[in-house]
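In the two assemblies presented below, subunit A is common to both, partnered first by subunit B and then by subunit C.
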Partner chain A sequence: MSGDAFLAVEGLHAGYGDARVLHGVDLTVGRGEICAILGPNGAGKTTLLRALSGMIRVRGDVRLDGTGLARRSPDALARQGVAHVPEGRGTFMPLTVEENLRLGAFVRRGRGAVGADLDRVCAYFPVLRTRLKQVAGSLSGGEQQMLAIGRALMLRPRLLLLDEPSLGLAPLVTEELFRIVRAVNEEERTTVVVVEQNAHLALGVAQQAHVLESGRIVLSGSAERIRADEQVARSYLGYRV
Partner chain B sequence: MSGRAEVTEKPVRADAPGRGRALARIAAGRRRWIVAAALLAVACSLPFQLVPFRVFQFTMVLVYAVALLGLNLLVGHAGQISLGHGAFFAVGAYGTAIMLDRWDVPHVLTLPAAAATAFALGLALGLPAMRLRGLYLALVTLAIAIFLVPLLKRFESVTGGSMGLTLGKPAPPAWTGLAEDQWLYFLALAVAVAAFLLARGLLHSRVGRALHAVRDNEAAAEVMGVRLSFYKTLAFAWSAMFAGAAGSVYTWVIGFVSPDSFAVTLSITLLAGIVVGGLGSFSGPLLGGLFVMFVPGISQDVNDAAPGVIFGLLIITVMYVAPTGLAGLAGRVARSTKKILRKE
Partner chain C sequence: MVGFLQQVVEGLGAGAIYASLALALVLIYQFTGIVNFAQGELAMFSAYIAWQFTAAGLPFWPALVLTLAVSFAGGMLIERVVIRPVEGAPELTVVIVTVGLFIFVNAAAGWIWSFLIKDFPNPFPGGALEAGGLSVGYSTLGVMAVVAVVMGLLYLLFQRTKVGLGMRAVAANPTSARLVGIRVGWTLALGWGLAATVGAVSGVLVAPLLFLEPNMMGGVLIYAFAAATLGGFDSPGGAVVGGLVVGVAETLAGAYVDVIGSDLKVGVPLIIILCILLLRPQGLFGRAAVERA
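Right, the complex of A and B next:
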């Protein structure tokens, strides 16, 4: 493994009960990079993110800036600065937008800092500021996805895991989301791992990309290279060049 | 469920001036306090208007309301189920009875001791139980309730066995000039108000938010750093603590405990009470207390032979008419009257 990798995953195995999904995943993500995980349905993309945030048991080695993360509980990982925007957003529907955001900073102490972060997150997502006292269940799908990402930013994450942010959203909203993720990455140097079906969009913001199939990384490289690779496009990303 | 669906369908009110909305919120907050103050005033005048038997009944409503506050915390706010809440009520009641009977502990001190005992027991039982969920959790808590009655009968030297224990009630101090039933009522009212404020404080804290997160989406709460088993266990212990406090006041008021008062049916009636009263709402425990106190009696009056059937039918009717409980129904009625008034 290269010495300067911020996130280093080696021989990662994970699954649900008897069903094994990941069969030895190796990948590295550089500090401050956006890394896209691509691949067909059922390849194990969501499982990989769950493994990285401690939601499922894993075998293998995961290091964040040199600290071992494998086999630690989700709350320990949250304390380490790993923020996970789960599949389907995980909005707490009956709570207000502000309560949702404050829950994002649950493991952090200090009211003043959390208040400042509310402002910081609302600067990225101005629509959330107008909705702070509103019940989160009344937001539109796009707004809920913004809330989910904003909530993850409340942790001041070192590593941000995004699971299919485009799911069920209009193309314009999705583009806006990716633009904001890019802005966060540039302004805060947050390392981002994004799982995405929409390969075209993901490759547009990412520097690095990995293609996952049947629980293994079958291709890694810079985003441009993967985008340019016609063979890859045909077999894994499902679109014609 | 329908309540949540309503929320999503509500059109988003865009561009309402922020200042106006803030003022409306302050007004709404003040209105809530006015309602609470009015309710308290009515509650304080009640024992001077009613005959002693009725006063006793309303005292019991308050006792049940305290127990239901705890159950509401667990079921309504943390989203866990308990079919054994009556067991913690019994722990409080028997704890108080034993303290009074054997050591002549002053009444005031029995309440915190009973609540603390129930809390500790809730913590000890919650630690393994709260790793379970759904039906498994229901079954384990039910087992706690079933286990209790034979246990109480077994240790006869301490608990008085099947005969139970008879105890003195707290006497009203001379300066109050109150009769015994009125004094007991005010004691129960004081405990209920304190319990209500405590529950309110808990729910508005960071921990309260964690409980709501666990209820609404366990997986999302977990990745946010909320330790599921810890907060579930804590909620279980708190709910037990409220039940223990209620049980303690029960013993003060009734002056007698026996194992058969705390059979499994008590736990089930309490769960029915909070569901009918309104899960997760602040008025739910009070409405549930009224339900638990009066509905079994009404059922008896309707049909002497089968009070259980009438009780069951009433629960079904309430749930059919008001799926979010009586508290939800009251809210709906208030909203529609407001709408009608606005139209005129």
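Right, the complex of A and C next:
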């Protein structure tokens, strides 16, 4: 399994100062897959994404398509094609929507290709096209989340990390977002790791899922299997199947 | 009336110089949240470098270009060596470091070039432009033109280039900037380099008007602080407007308010700082720090 994994994480430890959050996480994600990371509050889901994008120091091994990524800086990882939509969306508030999107392609060369990708992203999120010249801070929460995902897509990422896209959004907006993530994944074969409180939604788009608890993976499997697992349903998903 | 306009024009000339130093302060504040108390001394040091080049026989304009290049490199170096270690430290620590830098640069200039005043060549012709009873010195016009060119170039850099976009991104959200692949550390150093360059312009412009000596920027720094406070510490455009307003206010107060005269002129920026902090702490064009509950 790990032989053909696109993203392979082994024995990943990470934390903040003395507070250790991840205690040896192992997981693999296949090329072009959507992988959901589920788990209760404080399990270390956000920390796992931060570790994968280089925002915090880690111990252990992270490989993307065979290239070691552990202990590299976030800007170096962006150049490797890792796009992270962070908790809180990371909007450049005083800049315009278009500038926010162009920043997503900051490490890429070639004006023409970037311009074409601006069109492509606006095709996924038509509302952004109507707001290109507007200051990003004036967007609604849902629009800012779309902008954050759009900005990540501007990198043409090999690996897209999404942190709680549903946070603070109306259910309809969230469903729309997940539908788009699914479309991007299908059309561009982008590998996605999504951390989500709303397990029902995440399992609806993911092929694989891992359940994280207290900094360890306690359960892994296909999204269908995780959904069918009664114990998981009770403990983490908040409903009975 | 003509006399009044004459004073306004003189004020704008002085204000252009305050504006350029205020702009240097704002540039650094925007990127790092640091108020650089040493900005004036760095400008003074740059003026000495320019003097050294001209003393070695170089004509003024090539000397200026060389000085700006040296100042840019020096600003970046200072960020890397002196500021980097205290990045993210409590504000007081950083303030003390920049005050230390102030004293160090001041003493270094005195040690290298002595505290005796030097004559600095004025790059602009003497004489004055006469129009409608007004007489505007070519050197005042020259100062305003140079400052306008610098502002224009900065505007183009920030609004029209990819490097400028990256710099604005770092100022807006450093964490997110890092995630899109911007080398934030180098961008901060670039900000210090730019600030040192803009400050150097003010130092080189002020030197022929005053005399070149290590303490010459002390007063100008206070005016620049007033300008940045007035315009808003996070607004480059505001700093420029603030500089011009402070220059005009200072000149008019000196000319028309008998109590103030030329001796108490330096009190004017302090009164401006006080009033702004009391009435509108974020400055005219700055954004108030608001956090959502």
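What we mean here is this: the second predicted complex is superposed on the first by the 240 of 241 C-alpha atoms of A that agree within 3 Å, B and C clash if a C-alpha of one lies under 4 Å from a C-alpha of the other, contacts with A are read in each partner's own complex, and residues count from 1 in each chain.
Criterion: contacts are C-beta pairs under 8 Å (C-beta built on N, C-alpha and C of every residue); 3 or more make two chains touch, one makes a residue touch a chain.
Owing to the predicted nature of the structure, the values given are computational and were not obtained by experimental measurement.
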Looking at the overlay on subunit A, is there a clash between subunit B and subunit C, or do the two fit?
clash
Per residue count on subunit A, the busier partner among subunit B and subunit C is B
Which partner does A:P74 contact after superposing on A: first (subunit B), second (subunit C), both, neither?
both
If you stack the two complexes on chain A, which partner ends up touching A:S138: first (subunit B), second (subunit C), both, or neither?
first
Identify the partner contact of A:Y124: answer first if only subunit B is touched, second if only subunit C is, both if each is, neither if none is.
neither
Per the contact definition in the header, classify A:R151: touching subunit B only (first), subunit C only (second), both, or neither.
both
Let me check the overlay on chain A: which residues of subunit A are in contact with subunit B and also with subunit C?
53, 55, 73-75, 78-79, 83-84, 86, 90-95, 99, 102-104, 106-107, 151, 155
Give every residue of subunit A touching subunit B within the complex, in rising order.
53-55, 73-75, 78-79, 83-84, 86, 90-95, 99, 102-104, 106-107, 130-131, 133-135, 137-140, 151, 155
What part of subunit C is in contact with subunit A in the complex they form?
162, 165-166, 168-169, 172-173, 175-184
Taking the complex as given, what residues does subunit A use to touch subunit C?
53, 55, 73-75, 78-79, 83-84, 86, 90-95, 99, 102-104, 106-107, 151, 155
For the complex, give me every residue of subunit B touching subunit A.
4, 7-8, 10, 12, 14-15, 18, 21, 25, 206, 209-210, 212-213, 216-217, 219-227
